[in-house]
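The following blocks contain the structures, represented as structure tokens.
Each of the next two complexes has subunit A plus one other chain: subunit B in the first, subunit C in the second.
Then we have the complex of A and B:
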């Protein structure tokens, strides 16, 4: 156990600057946006340092009270990698926002955006099950407000729906946490995880179902994902990008930290959970339903943003399926798919944002003949689409491949996942390639449109990283293999790093 | 008689809290008026908070503050109420306040832009 207290800056600095942005805003609105950019830039470079100087696994201990007595942040392979991805995508979206957010309350938008990234990093870093709830609410409340931002009135309906569903979800989560607390008398994730078999199985199952349904709201799993299409369509594109790129990562992390580390049995090749029913199998069922419903709904959409929203839902289902296979390869594929999805989906939303702003529009018919009007956005959109549907030499191929390989390894009824992934790919191919075909093949004569420089930078970087991951999958692969090791071996991967003296059960 | 007493002392708060939670959920899910949905959310939050406070308490509990007359541990058994869930409830109340305030703000904005608080009418008035 080594202690690296400076890592608390990953949460502290964004929160500090979030609340001091109104002061910078007194000077100029542009300055507020640049402060946001620089703060997330600090987070990105600091997490880059932690990841590549191999500072992890490490811990932040508040006031020198060692866990389980004090609150702690734990930075293992999972947290180090995911915080890096969150802050990099946040940085790129902040660059896009420099150009996109001109009208409206720029200063409060910046405050909310910083709190959003701080909360998402907090979810990934924290080692305390109640602090997880608090960071969920920080992320949640700022994302409701972000989703309501913008000139269009449809944003309000989506944001309200999101608020209602998500706050019911977090209440359920809180109830589950309280039930576990009554059994074990602790809120530290590592100690709960080590002593979880001392609880009453019936109560534990009830608590587990409450917690899983609470977390499934943000992780967009069926039947808790009714908010997704309205919220993603209504919100301005920068916000949709950050919901699918940043909030999705933290939500999936929270779901599987609870399901695998807290409830999971240690030992054994495949993670299963304590209690009367196996929560991992429950998640697998929910995720399967999510994939099928999401893909089929995406098929019939005429609006590209709505299509991307349903596709995002389906992809989250696919990620959860990958995790819920429960062996190392499956978790590897899940994390890989998570990173690919956040990169590609946030890029697609940013591209739609640019296209709407330059006057092309967001319906599928507006994309006809885009290749002649603007080659750059056409190419990057196609790269994102190819990565989504798992075309070889693009990022998505490797993750879908490892999910299929993991389900073959597991065997039994998990074999149907092969069919599920293929089904998802075929349907995705249908609706993404339809747009790609429209863009390249139609000969509609319309005036050319110019790409603004500022939003082109993040789109270009994201597109290059998709291709780079496709050609050199070990860029993400090394880290997600380490992360899979942490999640599948709860004793040696997590608990013993946080509380070395704890007795194995 | 004694069974009823034990029931009243130990379980009534927990069951009442769950009942309040259920009432709030019913209101939220069945109402078409946005304001009533927000009221339902608030009732859900109250139910949860009551549940958490009730869980930390038992009929013979003393207050969790150590003084000369208030012994927290008697014969090796802890007799005080558990103070930690109560502090969690404080946090949850503050978060609930924030959520409610934001929900009401959005409701005001919806009324400004659509001229109604009825969910069905908002759905009909596309974009």
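Then we have the complex of A and C:
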């Protein structure tokens, strides 16, 4: 057991500054945005230090009570890597917000954005099933408010849908946690995971279904994702980018931490779960439905933001398919795809944001002839689209390739699933390439537009990282391979690092 | 009493009313059980409040209260009897077992809950920012309402402070205490049309009390090397100055919740103009 208590600063420092931003706001509005930027910058550099210079897996003990008596944060390969990705994307979006957020209640927006990022990191870090709920609420409440920010009325409708669906989801999750608590009397993830087979199978299955449905709301899986298109379209673009880039990571993490570590059986080539039905198979079915419905709906959209929203839904389905295969290669592909999706999708939303602000518009027809009007945004948009499709030499290629390879390895009914997913990818290729073709091939003569410098910085960094991951996949690959090892081996990867003395049951 | 009553008479009446109420309040306050004087045997769950593990163990052995098969979970820890008002240097030291779980063992969750409330209040204020609230012309509240809310405000405020200061001894704590304080401020709104609290003061107070919570946590990190760890002695169980940092945290929570709920009420009622910069 390797304890590194200073990592509590990853949560403590953002909280301290979130509470103090109203005081900084008394001095100037700009200062509030800069405090957010610097605090997320602190998180990014600290998680960089943990990832590259500190020994992990390690653990943070809260309040000097060792687990399972108190609460703890667990920083394994998954958490160390995902917190770094979340903080980096948060940092880049904060740079974009310096330019984009000028009107309205800037100070409170900064508070909410900071806590949104910190809450997403908290979900990934925590080692306690109820603490996970608290961080879900922190991320959730700040994202409803962020989604409603802005001058447009459509933002309110989207945010309200999100609020209602997500509140029901958190209630379901809490009911599931309560059922588990009545059975085992503990809330610590490691202890629950070690003793999960001591529960009544029927009750365990019911608790599992409740928890999975609750988490599937944030993870955008099929019957629970009705909020996605309206919320993403209505919100201002910086918020849509952070919803698809930051909240998606924490949601997928929470879903599969519960499904694989808490409910999963240890041993065996493919992870399956305790209870009367296999939750991994259930998630695979939901995810396949999500991919197909998302891609087909995206095809018919005229609005680029709405198209990106449906595409985001479909990508989350693909990620969940990758995880649900349950062997090391599948989880590796899932995490890799998760990172690629976050980078590419948040970049696409930021580009749309710039285009709307400079007066181009957000409909597909407005993109005609963009190459002659603004080469920089056209090139970066194409890079993002190619990464989404999984073209070779772009980030998305490697992850999609390993998901397909893992499905073929598993065989059985996964052959059928991957057939459907590949069919959906063809549809995806069609609508992304349509926009790329419009941008390069149309002969519409319109005045040129300039790119503002501040938002160009994050867009440029994200585009470069997509190409870099495409050429050197080991940048992400090494970390996601370690992370896949943690998720597929629950005893040696998680439980024994948190409670070394616990006996396997 | 009517509107044309001289101001002096109004003041004297109000003053005497306050005095009577305060005397009554303090008389009631005096009757409340003091820490060491609580007769635990006649009150709720003896085993929990007394934390008398020895008696509990004996009862288990006799099969009097529990089934015979149940054994204490841990045999390596010596069971020492814990008595209200006497035992010192306990593991946690709070007389109220809910408090010791909420603030000490699972203090990180409570920090999160405070943040959730803060974010909800921030979100409400952000959504209502710059929007004019349509209001019908309401009738002016009667004088009884005006005087009554102002008198009861002081008492409600005091009672809220009492609840959160005694959070580690009695059922209650920061969240109920803060809600009681905010209800007093809501009374002020009801008592007078166009009442505006000191908005800036509320903001500063809210920020400082939230920061105080995190700073207490960070003090734990730097002195005991664990975030939100107790860095103060736990004292004698049942005393006001006991249970280490629980009292401090509950004071911070109480002030924060009070200021925050008042700010929510304020942002729903008062038109906020561009307030900063």
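Throughout what follows, the second predicted complex is superposed on the first by the 502 of 505 C-alpha atoms of A that agree within 3 Å, B and C clash if a C-alpha of one lies under 4 Å from a C-alpha of the other, contacts with A are read in each partner's own complex, and residues count from 1 in each chain.
Going forward, a residue touches a chain if its C-beta (ideal position, glycine included) is under 8 Å from a C-beta of that chain, and two chains touch if they have at least 3 such contacts.
These figures come from a predicted structure and were not determined experimentally.
Chemist: By the touch definition at the top of the document, which applies to A:449: first (subunit B), second (subunit C), both, or neither?
Modeler: It touches nothing on subunit B or subunit C.
Chemist: Quick one: is A:152 in contact with subunit B, with subunit C, with both, or with neither? Answer first, second, both or neither.
Modeler: A:152 sits against subunit B, while subunit C stays out of touch.
Chemist: For subunit A, which side has the bigger count of touched residues, subunit B or subunit C?
Modeler: Touching more residues of subunit A than the other partner does is C.
Chemist: Looking at the overlay, does A:61 come into contact with subunit B only (first), subunit C only (second), both, or neither?
Modeler: A:61: touches subunit C, not subunit B.
Chemist: What is the contact status of A:98 with respect to subunit B (first) and subunit C (second): first, second, both, or neither?
Modeler: neither
Chemist: Quick check on the superposed pair: does A:16 touch subunit B, subunit C, both, or neither? Answer first, second, both or neither.
Modeler: Only subunit C; A:16 stays clear of subunit B.
Chemist: Determine, under the contact definition given at the top, whether A:130 touches first (subunit B), second (subunit C), both, or neither.
Modeler: Both: A:130 reaches subunit B and subunit C.
Chemist: Of the partners subunit B and subunit C, which touch A:141 in the superposed model: first, second, both, neither?
Modeler: A:141 contacts both subunit B and subunit C.
Chemist: Name the residues of subunit A shared by its contacts with subunit B and its contacts with subunit C.
Modeler: 130, 134, 137, 141, 144-145, 148
Chemist: What residues on subunit A touch subunit B, complex-wise?
Modeler: The touching residues are 130, 134, 137, 141, 144-145, 148, 152-154, 156-157, 159-160, 163-164, 167-168, 171, 174-175, 178-179, 181-182, 187.
Chemist: Quick one: which bits of subunit C touch subunit A in the complex? Just the residue numbers, please.
Modeler: Within the complex, subunit C contacts subunit A at residues 104-109, 111-113, 115-116, 118-120, 122-123, 125-127, 129-130, 200, 203-204, 206-208, 210-211, 213-215, 217-218, 220-221, 224-230, 276-277.
Chemist: Hey, which residues of subunit B end up touching subunit A in the complex?
Modeler: 21, 25, 28, 34, 37, 41, 44-45, 48, 51-52, 55, 84-85, 88, 91-92, 95, 98-99, 102-103, 106-107, 109-110, 113-114, 122-123, 126-127
Chemist: Report the residues of subunit A in contact with subunit C in the complex, numbered from low to high.
Modeler: 5-6, 8-9, 11-12, 15-16, 18-23, 25-26, 28-29, 60-65, 69-71, 104-105, 107-109, 111-112, 115, 122, 128, 130-131, 134-135, 137-138, 141-142, 144-145, 148-149
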